[in-house]
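These are the structures in question, set out in turn.
The following pair of complexes shares a single chain, chain A, combined with chain B in the former and chain C in the latter.
Moving on to the complex of A and B:
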């Protein structure tokens, strides 16, 4: 379970005027939930996702993962937690250009101490599962945008995390590919993976059982599917 | 992990290679300098060995370094000077005197050293009235394809190769030893000499004082006691050693600067990858370790390459430059490579640490 308790995040803005990206946000995401976070640009969606993902320390409040305050533990433990319990998908994929697909996917496993051979085997299984078996030895620049997104998804899942956090996972995809990704997310959620996704894509939001709307750093609405009308 | 490390390195091999080569040039410069300093030290030992307790008397105009580099000019002294010294008050302290006329002569592109001194004809009597006796260093004879008994004309004087001497030291293997009078004819400098070697048993004598007395008796001369030469040479050697130390320090700073610039630039250019590594759970020490190991490898390979480059440069180019053979001591390899590696590690520490503290969200520009 992921809990955000009165989380605020303030950035030093231009002319030293602080910008409050999150303001007293509280949220509980249970195991196996699929939550999408929607809201206009600058509403604090990505900040919230990175804060929940143990990457961005909040200015105030606590973030607990499985009951552990993730910003009160050491950096070393937090890195370990990011590696093992959280999978992250970035909007721009962030694949390493000189590594092959298999190596990109294997990276978190290698960092977790798994041998290169075992990590690669696991990565190949993951790529095969997402239909990229014929792309194992290719580099990211040899892949289509949709394929890159799937490689990024494989990388986020290679250590079998409890949580999948995705920042605009369909943001760079055309309609067909976006639908494909949404479908994959639903399948993963059906398998028990907890998913939190930030999106502008209302089709994506419509598919998820729970939607959280943020505006100006505050939760405006946190509903089930019935709340979609409010979002619109 | 190691495989991924080398993949990262391979992706930017050109920059690392450039850094390795620059470090290699710095290290090879230190090697050449070190070899020159060692060679100068050996020269002093040779000189001490050669001169023993002797006093060398030269014209005061002679440049001592030229004389010891076997470059002889026109400055000379009257041939009568040894007799003058023996008949003076210092005569009783002198056991032996050898007058010589040294000069350079080139035959068919071979730079020869002609040494005129008395006693050659007595030691090697010649039956050819038209040729004077001469003893040749083996290299000189070989370069001119001369055998014992051959006759060669040098400066309108016919010389018979009376004997070919092997194993002469101090470049005297390019020497021709002939009678003093014959050398004077070759150089067209009758009744002159340019060096007097004075010897004696001077255990209880103040040699520098005696040298000053020789200078008083023989006007226009400089009497150099081995002790004085050595003192001045040791002083020069100490200066060279100080200079070497400064150069080594500058080299270490330079290697550190190169590595600091390389690693800082790598951190800047790989900031997105570093952010990603941290985002997917890399421990900060892995990021720090990656850059430190990278720096250590560049320093190590640069040091080794510098040693490999420095050896031939020293043996060929520097040897030709100073006019005597130089060799690189293998003993310098370990300290030099260790210093280059240590300087690289130290210089990479700050940028590597900075890399490990990169904020992944900023690096990935996701917010």
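Moving on to the complex of A and C:
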């Protein structure tokens, strides 16, 4: 379970005027939930995602993952938590350009201390499952956009995390590919994976069981598990 | 560590061209320094052997005697203990190339008195190998003395009551020693009754001015007179010293430029890889993973740059100055010094950028896309 308790995040802005990206946000995401975060640009969506993902320490409040305050533990333990419990997907996929598909997917496992051979085997299995068996030795610049997104998805899942955090996963995809990705997310959620996705894509949001609307760093609407109507 | 190594390996294998440019830049600097040093060393040795022909930088004789007494072989019966040469060797160690003890006296020779020089053949410093091979039953004659006596190689000569074979006649040196007889110092001690030595010849390392060791000796040993060979050696030392300083300035400038290059390419490399580094951290890498990754890359560039640079330096020497090629095989210390210097330079040059990249806040790079 992921808990955000009164989380605020303030960035040092220009001319020494601080920018409050999150303001007293509280949220509980249970195991197996699929939550999408929507809101206009600058509403604090990505800040919230990275704060929840043990990447960005809040200025106030606590973030607990499985009951552990993730910003009270050491940086090394937090990195270990990111490797084992959290999978990240980025809008521009962020694949490492000099690694092949298999190596990109194997990277989180290698970082976690798994041998290269075992990591690669696991990576190849993942790629085969997502229909990329023929792309194992290819580099990211040799792949189509959709293939890159699938490789990024494989990478985020290779260490079998409890949470998948996605920042605009359909932002760079055309309609067909976006629907494909949404379908994959739903399937993963059905398998029990907890998903938190930031999106501008309302089709994506509408297909997720729970939607959180952020504006100016505050939660304006949370459909919750009760299935409240989204306010457009 | 293993993950960092793996990432560095994959990066340099894939981005070979980028690596090659960095290595090429560094190797040019290394080649410049190594070739300059190799040629300079070879030239120093060549000039040093010419200076050695002129004689020692310092001559040490018992106090109260002077260079005129020395030139006339009129040093009397005052002498220095045989062990005093060992003591002086220790004291002059930083400047010393060689030291030789001799006994100079007048000896009865075929019914007349002639200058005689007692030498220890195993310690002799001379361009003439004849003296180094001299046996106890043999003598060598100065060119002028041989002419006066009408003697040549293989003849015999009577010194006091003993007869010796003439091992050879030395070429003319234009010094009073052309009039002298050379024989084993132990024999001359028996003949003269002087139990020690009365001249210590000090040969300094190439480029060392004799004044500093001379001052030290004069300050410490009131029982000694120190004669400095002023002609030529002082000027040679100044030239050596000036060239050496210039070389060090050149190396310092080259190292500074190379350091700036390392800093620049590290900066470009980490700026270009900002998103990649932040992604590695986001998927579970630590700051030390990034720090080791960037530092290792720099070490590899340094290592390859110094190896290629040294090879280039040797090639430049061979193409430009074949006579200096012999110095290459004696310059292992130089290659290790270059390797160590370049590695230190690569690590320190890249460290500020690596530390900044590893410990900065990574989310902004991921959000700015």
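We take it that the second predicted complex is superposed on the first by the 225 of 232 C-alpha atoms of A that agree within 3 Å, B and C clash if a C-alpha of one lies under 4 Å from a C-alpha of the other, contacts with A are read in each partner's own complex, and residues count from 1 in each chain.
The rule is short, and it goes like this: a contact is a pair of C-beta atoms (placed from the backbone, for glycine too) under 8 Å apart; a residue touches a chain by one contact, two chains touch by 3 or more.
Remember, it's a predicted structure, so these values are computed and weren't measured experimentally.
Taken together in the superposed arrangement on chain A, chain B and chain C clash. In the superposition on chain A, A:23 makes contact with neither chain B nor chain C.
By the touch criterion defined above, A:80 reaches both chain B and chain C.
In the superposition on chain A, A:98 contacts both chain B and chain C. Only one of the chain B stretches 76-84, 94-102 or 148-156 carries C-alpha atoms that clash with chain C in the superposed arrangement, namely 94-102. Shared contact residues on chain A (touching chain B in one structure, chain C in the other): 46-47, 50, 55-56, 75-76, 79-80, 82-84, 88, 90-92, 94, 96-99, 103, 107-108, 110-112, 116, 155, 159, 167. For chain A in complex with chain C, the touching residues are 46-47, 50, 53, 55-56, 75-76, 79-80, 82-84, 88, 90-92, 94, 96-99, 103, 107-108, 110-113, 116, 139, 155-156, 159, 167. Chain B contributes residues 1-4, 7-8, 10-11, 272-273, 275-284, 286, 359-361, 364, 366-367 to its touches with chain A in the complex. Residues 2-3, 6-7, 10-11, 13-15, 275-276, 279-287, 289, 361-363, 366-367, 369 of chain C are the ones touching chain A in the complex.
Those residues of chain A lying in contact with chain B across their complex are 21, 46-47, 50, 55-56, 75-76, 79-84, 88, 90-92, 94, 96-99, 103, 107-108, 110-112, 116, 155, 159, 167.
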